[in-house]
Each structure stands twice: as structure tokens, then as C-alpha cells.
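Following are the structures in question.
Two complexes follow with chain A in common, the first pairing it with chain B and the second with chain C.
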Partner chain A sequence: MAHFEKANSIGEWFDQRLATKTLERVLAKEYWIPKDINFLWAMGMVLAITFGILLVSGIFLLMYYQPNVDTAFDSVNYTIMQEVGFGWLWRHVHAVAASVVFLIIYIHMFTGIYYGSYKKGREIIWVSGMLLFVAFSAEAFSGYMLPWGQMSYWAGMVITNLFSMGSLEMNGVVEWIRGDYVPGQAFLTRFFMLHVLLIPVAILALIGIHFGALRIPHVNNQNGEELDYEVEAEKYKSGNKAASKVIAFANDFMSKDMFVVAVYLIFFFYLTFWNYSFAMDPVNFDPADGLKTPAHIYPEWYFLWSYEILRPFSKDIGLLAFAFAQVIFVLLPWLDRSPNAVPASRRGLFKYWFWIMLANMIVLTTMGKLPPEGINNTIGLVSALLFIGQWLALPFVTMFEKKV
Partner chain B sequence: MGKAFGAVAGVGAVGALYAMKRSWDPLPSVKAAGFTNVDTSTCVENKLVVEKWRGKPIFILKKTADMVSSQTEADSARDVIIDGAHFTVAIGLCTHLGCIPAYREDRTDFLCACHGGEFNASGIDTKLPPPSPLVIPPFKVNGTTLVLGEAGEEYKKMKESGVTA
Partner chain C sequence: MKEFIVLGVVVFFSVLTYWLVEPFAHGQMHKHVDSHQFQYADLPAVTKQGDATAGKDLVMGAGACSGCHSIEADGVPAMMEPDMAAASYGVNPPDLSNAGAIYDAKFLTDLIKNPAHALKVEHKFDPASGAMHPMVPFYGAGGDMDQEVADMVAYLQSIAVKPSEVTSKMAFENACGRCHAMKYANWTQMGETPNFKYKKDALRYEARVLDYQDSLKKYMGKLPPDLSMYTRSRNHHFLSTFIEDPQVHLAGTAMPRVGVTADGADKVLTYLEEIGDPSKANGDRDRIGMYVMIFSLIFAIFAYLWKREIWKDLH
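Up next is the complex of A and B:
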């Protein structure tokens, strides 16, 4: 039995048992953030808050949703939308947050690429972040199945068919994933389980790794400057906060972070209350029908760029291109051969590589939404080839970069 | 001691993985989906009939005399002849990613709206991305009745000669 003194306050009582003062120091008061950053550094907190919103709204939807092929559609579109008090609010919040979270993820990702925040000790942050992207994609897809509308059904059909691996015709694998020849009851219940349990648990674990991986290399700054955190921390602690290049995570940095979050939430609730329909495809308000394919099947906006990489090619090549697009971002820290971890604006050719990549992904996203006919096919093909070409060229673009 | 512990735990892990794999297999009640009988005597020329078999749509198209006389040998090899009439019988799922193509009566062909693939009236792919013709389901001709799910002589011949996958 360890020795315990009588505590003089509630704070001390918890500190004796949980080392709360040490936790506070390590996680907040003496966790150092560079001063030379901008609002883009708040996207992590914006994502954390959005995930929290998804979790809370999801809990309320979960209490009335029924994962049954006969009742799922009505439990969402009638029970939750019309009977449950404020059920519509949880649904619209959940749908808007699921869409907007990808916008923030893409901003967060391209911020990291622009400032070189995936190199020199930050590789695990990048890889865990890309795994979070995969987990969020799986979460979005499995959630899309649950209302059991036409888009749920046909997206489920098309995406699970990808696992037949083209001409390998591995239909057994597809039937195993579905638990049926076509999406049916077994399919709906297992994707329900994935959506509300397994993938959220994986996301929570990955968020833990993502935050933990940030601890030792610290967050990057606007100039990629290498800071001596011990020296800067001493300056700060001795009261010379103006000369120090760092601030404490809390309350200094958090107060600014939460300001950006507040602006974001105004935008978020504006969408939720006045412009939510972009997050709810009208086709999905028809109940699932296995004998009628909707005229156009397209994914939600955040999957359009990779969908457009699949589309212009023959089946097998399309699948290879699609698989390439899914995994290639993970390899970025190793495909970038340059020693510089500075903003793209100071990196020569990489600057053009970055802006062409960003612009091309916007083009791919736009083309993915348009019907596959006429000039669209050509633009889509050129964009897809450019995307693949840019990644193959990256090691050569960065290899000869001068050290700055 | 460590090895023994590892071996026991390993056997347990493999067993658990196998149980998990089996739990995701299609249920016997799903697999035992029976046969579908289609009466073809009511079919009208150049009008597509869609039947359901094991949850999948089956296209049944009675060809007109014009269509039969203008088609290639590859097309004819896929024809199911019932009571003297030529039929296209195929699983109505695009061989690209499984959407259901729509039949265009004026052009006597199928268009898949998902990715723009096309098939002719015999179900042979004519425009990318689909990589292969529509699949012909196991069938047997019984008078004017088409039995889906049972492999008859005609189906076996098609399968052997590689007309269908």
C-alpha cells in the first residue's frame, strides 16, 4: 500500500491519485507551439470538433435507426425525420458534418503538403493522417448504406464489386463481403456494425496515434524553421514571452484555435440550417430497388477525384489507376527526395508540382460529377494521366532541389 | 514455456479467424435460392423482359427477324432458341461494375448509364469500359418455359465453347 497524505483541496486529492498536475503540464501548460503559424494550423482542432459533432449526432440517430432492409428507409425518412423531436436536426447535422469533414481533411492534407510537414521526423504524423483518411472514407461509405435508398444500394453494389479485382473475377470475395449475391440483409447489418462500432473505434485509436506522433517533432511552422524547444521554452517560462518563439498549447494556442473553430462553426451551422441539401442526394430518397439502376450513379463530392481516375480506362487498368490513387499519398514522405522541409514557395519545381496537383484534383472532382460523354471523356483521361504522371515524376522533381 | 504459450495462442488465433471468416459467408438460406421459371410465349419482339433470379435481374429479349438476319456469328452463338424464336438471355448487370444497363429499342442496344458502356442486342460489349459480354446465366429450355438456375444442354455447350463466362 502506497503512502497517501491527507489532501488539502479537491485538486490535490485528484493529483495524488491521477497525477493531474503532471498531466496538465505535459499536455497543456508546457506543450510548446511555435508562434509563426496561421489559421491553417487550427484545422486539426476543427476536425476534432467535427468528429465530436458526428459522434453526438450519431448517438441520437442510433436510438431510432433500424438496420433492417424492410424498415431502414422508413426509420430514417419517417421516424427520425418526422416523429422524433428534433430528429431532423441530428440527421442534418450528421449529413452536413460527414460532408464538411472531408473538406477540412483536404485542407489539412494540402496544408501539410505545402509546408512540407511530412518529413524529418514527421513521417508517422503523415502516415497516421492518411490512415485516418482511409478510415473516414470507410466510415462515410458504410454510413451511406444505412438509409437503404437507391444510392445506398447501388453505391454498395458498385464499390463491393471493386473487390472482384477486375478480370481476376474473384466473385467469391464479393459475395463473402456482402454475405449474399447482391446487397441484402446480411450486407446492411454488417455495414451497420462497421459504421457504429469497428470503424469509429479504429478512428479513435488512430487519432491517439496521430496526436502522439506530433509530440516529439512538434508542429511545423510557416517557414520550416528548426526550433530549439528547450531554449525557447526557458525564455517563455522565465517571463520573456515576447522574445520566445513558442507559446503554450493551453491556454495561449487554444484560445486562438478556438477562435478559428468558432468561425468554422458559424459556417457549419449556416449549412446545417439553411443549405443542408448538398449533403443529401435526392436519388437516395427513393427506396432501394435491386432491379432499377439510377440514371447516373456518382459518389459524394469527396470521392469524385478518385472515381474520375477509375472511369476513363478499361476495367483492369482503371482499377489499377484507382488503387494507385488510393495509396500513393501515403508514400509522399519517401517519394519527396528533397532534404528541404520548407514551404513549397521556396522549393523551386516543387512549387509548380504542388499547385498543378491541387488544380488537377479540382478538375478531376468536377469531371467526376459530369456525365461520361464527348469532351468530358477526353478531359477526364488527360487529368487522370496527369495525376499519375505527377506522382511518378515527384522523385525526379525533388531529387535535384537545392538545399535552402 | 514461451513457445508452448505462443503455439496454443496461435492455434486459438487461427481458429478465431476461421470462425470470423465463416460468420461472414452467405447463409444457407441465401445460397438455397431456388430456380426461376419464365414463360416465354408471352414475350413480344424487341421488348425487354426483366426477371429476377437470385436477386439479380435477368434480361430476356425476343429478337425480330431483322435483328436475327443482320447479326454476326458471334451474336448467333449466344442466341437461345425457344420454339423457333431467337432470344437473348443474360444477367442484366454490366460486366464493368454491376450497374443495370437500359435497353434502347430504337437502337436495339444496351446503354449502361454509370460509366457509358454499351452492349449490342446479343449482350456483346461494343464500347468501353465493360471488358466482356453480359454473362449468360445457367438455363434450360423446357417447351416454351425457360428455367433459370439449371444448366441444360444448350447452356453447357455455350459454357464449353467459351461463349459466356
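Up next is the complex of A and C:
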């Protein structure tokens, strides 16, 4: 038994037992963030808040949702939307947050690419971030199954079909995933489990790794400047805060984060109350019907670019292209051969690579939604080829970059 | 300053993506159909002034309307239960009490003379092939047929409530409710489902509803969909133009043009929203939305003041 003095305050009592003062110092007061940053550095906090909103609203919905093919649709659209007080509010918050979280993820991701924040010790941050993207995608997809509307059913049908691996016709795998020949009760219950337990747990673990991986290489800054954190921290601690190039995580960085979060919440709640149809597809308000295929089946907006990489090709090539698109972002830190971890604007050819990639992904996103006919097919094919070509070219684009 | 440029870039690409995906691409999934404000321009104009008293005689007598239709408002009860009527006619013929207030006069006039034409189901009911519409056309009672039809329409208008007194529920039940169920309003094609004390009575009633639906399936080709969530699954413009003329959206559909007035169509759509999305219909969403926006604004102001306070020493 260790020796304990009698505590003089509640704070001290906790400090003796949990080392709260040390925790506060390590996690907040002396966790150093560069000062030269802009509001894009708050996207991590915006994502954390959005995930929190999803978690809380999800808990409320979970109290009334029924994962049964006969009652799921009504439990969402009648019980939650009409009978439960403010059920409609939680459902709209959950649905809109699930869509907006991807907007922020994409902004966060392209910020990382633009500022080169995946290199020089930050590889684990990048890889864990991409794994979070995969986990959020799986979470979004499994959640989309739950209202058991027409889009739930048919998206479930189409996506699970991908696992037959084209001409390999591995239909046994598809049946194993579905637990049935077509999406049915077994399918709904297991995607319910994935949505409310397994994937959220994985996301929480990945968030832990993502945050932890940030600790040693520190957050990047707007100019890719290499900082001597010990020297800068000394300046800060000696009271010369204005001259120091670092700030403390809390409350310095946090106060700016919270302002960005507040502005974001205004935008978020505007969407929740008045402009939600982009996140709640009308087709999914028709109950699932295995005998009636909707005229158009399309994924939510955040999957459209990868859907469009699958679509313009023949079955097997399309699947290969799709698989390529899913994994290639993870490899970015190694495909980028340049020694520079600075903003794209200072990196020669990479600057063009970045903006073309961004624009092309928006083109792919648009084409993924447009009906596949006429000129749309050609544009989609060219865009998909450009996407693949850009990634194949990346090592050569960056190889000859001069050190800045 | 630089921060605003960065914000501008982010907002630009976000808005561009939104615009391309939603208004632009989503807008191309359905063909655009213009509304004609429920003018029914294809139907002949009504030229005669009707006389309600003469119309009553025709409706009850030579016109033989009351042989199939009930007119509860004028003391003519239904001769059969809805399920039996559906078994005989395919669908339960409507009660005519408020037809004059909900349906367009031009439409009623044409309907009496040539039901399949007014309903736009001539592709389905072609006398040449022996497929007669279950409603027998009025062939005239010996006088001026146009005058007689005008009299009958005048009679229907005289017994109906004023158009302004038609509720959204009445409009739905009259115009849609004999083919479409609305389970979130406790409504089947048989009407509002009563409460039963004993389960066997509830099951008997349910079996009758299923019988009705079977008759309807035979008549329509498939069971018309439940409309509970149509206010969310279809947009307002689509529903409105679909009600005005189903054939424009879905050529060859068995669904008849129901011939409601513009006001009647509005009321049907209002009812769909009241039942399918009550938190929008009753204003809760707007009201609570405003509170949340006010809260968020105040939160943003305090967050900004806090940031300024903290960053005072950092610059």
C-alpha cells in the first residue's frame, strides 16, 4: 500500500489517485500546437463533435428502433417520426450528421493532402485516418440499411453482390454475408449489430490511435515549417507567448476550435431543419420491396466518386478499378516521393496534381449521380481513367521535385 | 485575410459539389412535367346552366346514379358494404355527397357522359374489345343531353358542402381513399378501421379488407400503394402533376385521372403531409429550428469572445 497524505481539496484528492494534474499538463496545458494554422486545423474537432452528435442521437434512436423486416420501416417513419416526442428531431439530426460528417472528412483529408501532412513521421496519422474513412463508410452503409426502405434494400443487394468478385461468381460468399439468398431478416439483424456495436467500437479505437499518432510528430502548420518544440515551448512558458511559435492545446487552440465548431453548428442545424433531403433520399421513404426495383439506384453523395470508378468499365475491370480506388489513398505517403512536407502551392508539379485530383473527384461525384447515358458515359470513363492515371503518375510527378 | 481566402475555396468547392449532385444531377432523374393548374383543357367547356331540382330527378331516376352510388347527404344509403361493392364493380363506387365540391365541374360533366374518357383510362376500357368501364355512361333521358348533364352536376354541387369547407381529410378520402390505404391514418380502402373488442372481430374485418384488396388488384392490375409516406418519397410538384394527370408521368397506368379541382389537389397534398410528416405540417420543425438557430448564434458569439480573450496574449 502506497503512502497517501490527507488531501486538502477535492482537486488534490483526485490528483493523488488519478494524477489529474499531470494529465492536464500532458494533454492540454503543455500539448503544443503550432501557432501558424488556419481554421482547417479545427476540422478534427468538428469531426469529433459530429461523431459525438451521431453517438448521442443514435442512442436516442436505438431506444425505439426495431431491427425487424416487418416493423423496421414503421418504427422509424411512424414510431420515431410521429409518436416519440422529438423523435423526428433526433432522426433528422442523425441522418444529416451522417451525411455532413463525410463533407468534413473530405475537407480534412484534402487539407492533409494539400499541406503534405502525411509525411515525415505522420504516416500513421494518415493511415489511421484512412482506416477511419473506411470505418465511417461501413458505418454509413450499415446504418443506411436500417430504415428498410427501397434504397436500403437495393443498395444492400448491390453492394453485397460486389463480393461475388465478378466473373469468379463467388455467390457463396454473398450468401454468407447476407445470411440468405437475398437481403432479409438475417441481413437486417447483422447490419444492425455492425452499426450499433462492432463498427462504432472500431471507430472509437481508431480515433484513439489517430489522436495518439499525432502526439510525437505534432500537428503540421500552414507553411510546413519545422519547429523546435522544446525551444518554442520554453518561450511560451516563460511568458513570451507572442514570440513563441507554439500555443497550448487548451485553452489556446481549443478556444479557436470551439468558435469554428459554433459556426459549423449554425450550418449543420440549418441543414437539419430546412434542407435535409440531400441526406434523406426520397426513394428510401418507400418501404423495401424485393419485387420492385427502383428506376434509379444510386449511393449517397459521398460514395458517388468511387461508384463512378466502378461503373464505366466492364464487370471485372470495373471491380479492379473500384478496389484500386478504395486502397490507393492509404498508400499516399509512399507514392509521394518528394522530400518536402510543405503546402502544395510550393511544390511544383504536385500543385497541379492536387487541384486536378480535387476537380476530377467532383466530376466523378457528379457523373455517379447522372443517369448513365449518352455523353455522361464518356465523361465518366475519361474521369475514371484520369483518376487511376493520376495515382499511377504520382511517384513520377513527385520524384523530381526539388527540396525547398 | 488568408483565412477568408481558404474559407472561400472550401465553400466554393462544397457548394459546387452540392449543386452538381442535387439540383443538377438529381433533377435529371425524372422528366420535367409542367402543371396546367388543373384546367383540364382537353375536356369540353361547360355551356349550359344547370338546374339542381331537375338534376335531382335525373340522379335519382333516369340517370340511375343512385343505383350504384350512395348519396348520404340526401338520404341515399349505400346498398352494399364496401367489400361487396368492390367485388361487384372492382372498386367501391364513391358516395356522391361532396363530389360537387371536390371535383372539377368540367370533369364531372365529361365523366357522366363518358367515364373512361374523363378518367383517361380508355387504353384499358375499350368498348370495341368488350372491356367496359364499370360506370355506365349516361346516354340521355330523352331531352337535351347537355342540359340534363348540367342539371345533374348542379344538383351534386347543391348538396355538397362549400368548397371552402372541404377538409384535407375529406379530399383524400373521396379522391384517393377507395384505392389507396394510408396506414398511418388508420385508413384502408374499406374506410377507417374501427376498434374491435374481440380479436376474432378484428380478424374478420381484416379478412374483408383483404377481400376488398383482392378485388381491387383484379381491377387495377396491382394493389395501389399505401400513401402514408408519399409526402416524403415524392416531391410536391411530382405529386401535384401526377394527380392532375397520371398518364403524363406513367403512360399506360391503370390509375385514373381523378379530376379534383386545384383546391382539392392542394388539400390532398396537405393531408399527405399531415399524416406523413406531422412535425413539418404542424410547424414544430420551423419553430424548434428557430430556437436552435438562436441558441447556435449566441453560442457562436460567446465562442468568438472567448477566443478573442485567449488569443489577446498570443499575438
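Rule of thumb we're sticking to: the second predicted complex is superposed on the first by the 404 of 404 C-alpha atoms of A that agree within 3 Å, B and C clash if a C-alpha of one lies under 4 Å from a C-alpha of the other, contacts with A are read in each partner's own complex, and residues count from 1 in each chain.
Rule of thumb we're sticking to: a residue touches a chain if its C-beta (ideal position, glycine included) is under 8 Å from a C-beta of that chain, and two chains touch if they have at least 3 such contacts.
The shown structure was predicted, so the numbers you read here are calculated from the model rather than taken from an experiment.
*Asks:* Is A:H296 contacted by the first partner chain B, the second partner chain C, both or neither?
*Replies:* both
*Asks:* A:A186 contacts which: chain B (first), chain C (second), both, neither?
*Replies:* After superposing on A, A:A186 lies in contact with chain B but is clear of chain C.
*Asks:* Pick one for A:F313: touches chain B only (first), chain C only (second), both, or neither.
*Replies:* first
*Asks:* Considering only touches as defined above, state whether A:L265 meets chain B (first), chain C (second), both or neither.
*Replies:* In the superposed model, A:L265 contacts chain C only, not chain B.
*Asks:* Should A:T378 be classified as contacting the first partner (chain B), the second (chain C), both, or neither?
*Replies:* neither
*Asks:* Report, in rising order, the residues of chain A that make contact with chain B in one complex and with chain C in the other.
*Replies:* Common interface on chain A, chain B vs chain C: 295-296, 371.
*Asks:* Give the list of chain C residues in touch with chain A in this complex.
*Replies:* Of all residues in chain C, those touching chain A are 2-3, 6-7, 10, 13-14, 16-18, 20-22, 24-26, 28-29, 183-184, 225, 228-230, 232-235, 276-279, 284-286, 288-289, 292-293, 296-297, 299-300, 303-304, 306-307, 309-311, 313-315.
*Asks:* Going by the contact rule set out above, which residues of chain B touch chain A in the complex?
*Replies:* 21, 24-27, 30, 33, 50, 52, 54-57, 95-102, 113-116, 128-131, 165
*Asks:* Report the residues of chain A in contact with chain C in the complex, numbered from low to high.
*Replies:* Against chain C, chain A makes touches at 35, 38-40, 74, 77-78, 81-82, 88-89, 103, 107, 241-242, 247, 251-252, 255-256, 258-259, 261-263, 265-266, 269-270, 272-274, 277-278, 280, 282-287, 295-296, 301, 304, 358, 362, 365-366, 369-371.
*Asks:* Where on chain A is chain B touching in the complex?
*Replies:* 154, 157-158, 161-162, 166-167, 169, 175-182, 184, 186, 190, 290-297, 311, 313-316, 318, 371-373, 377
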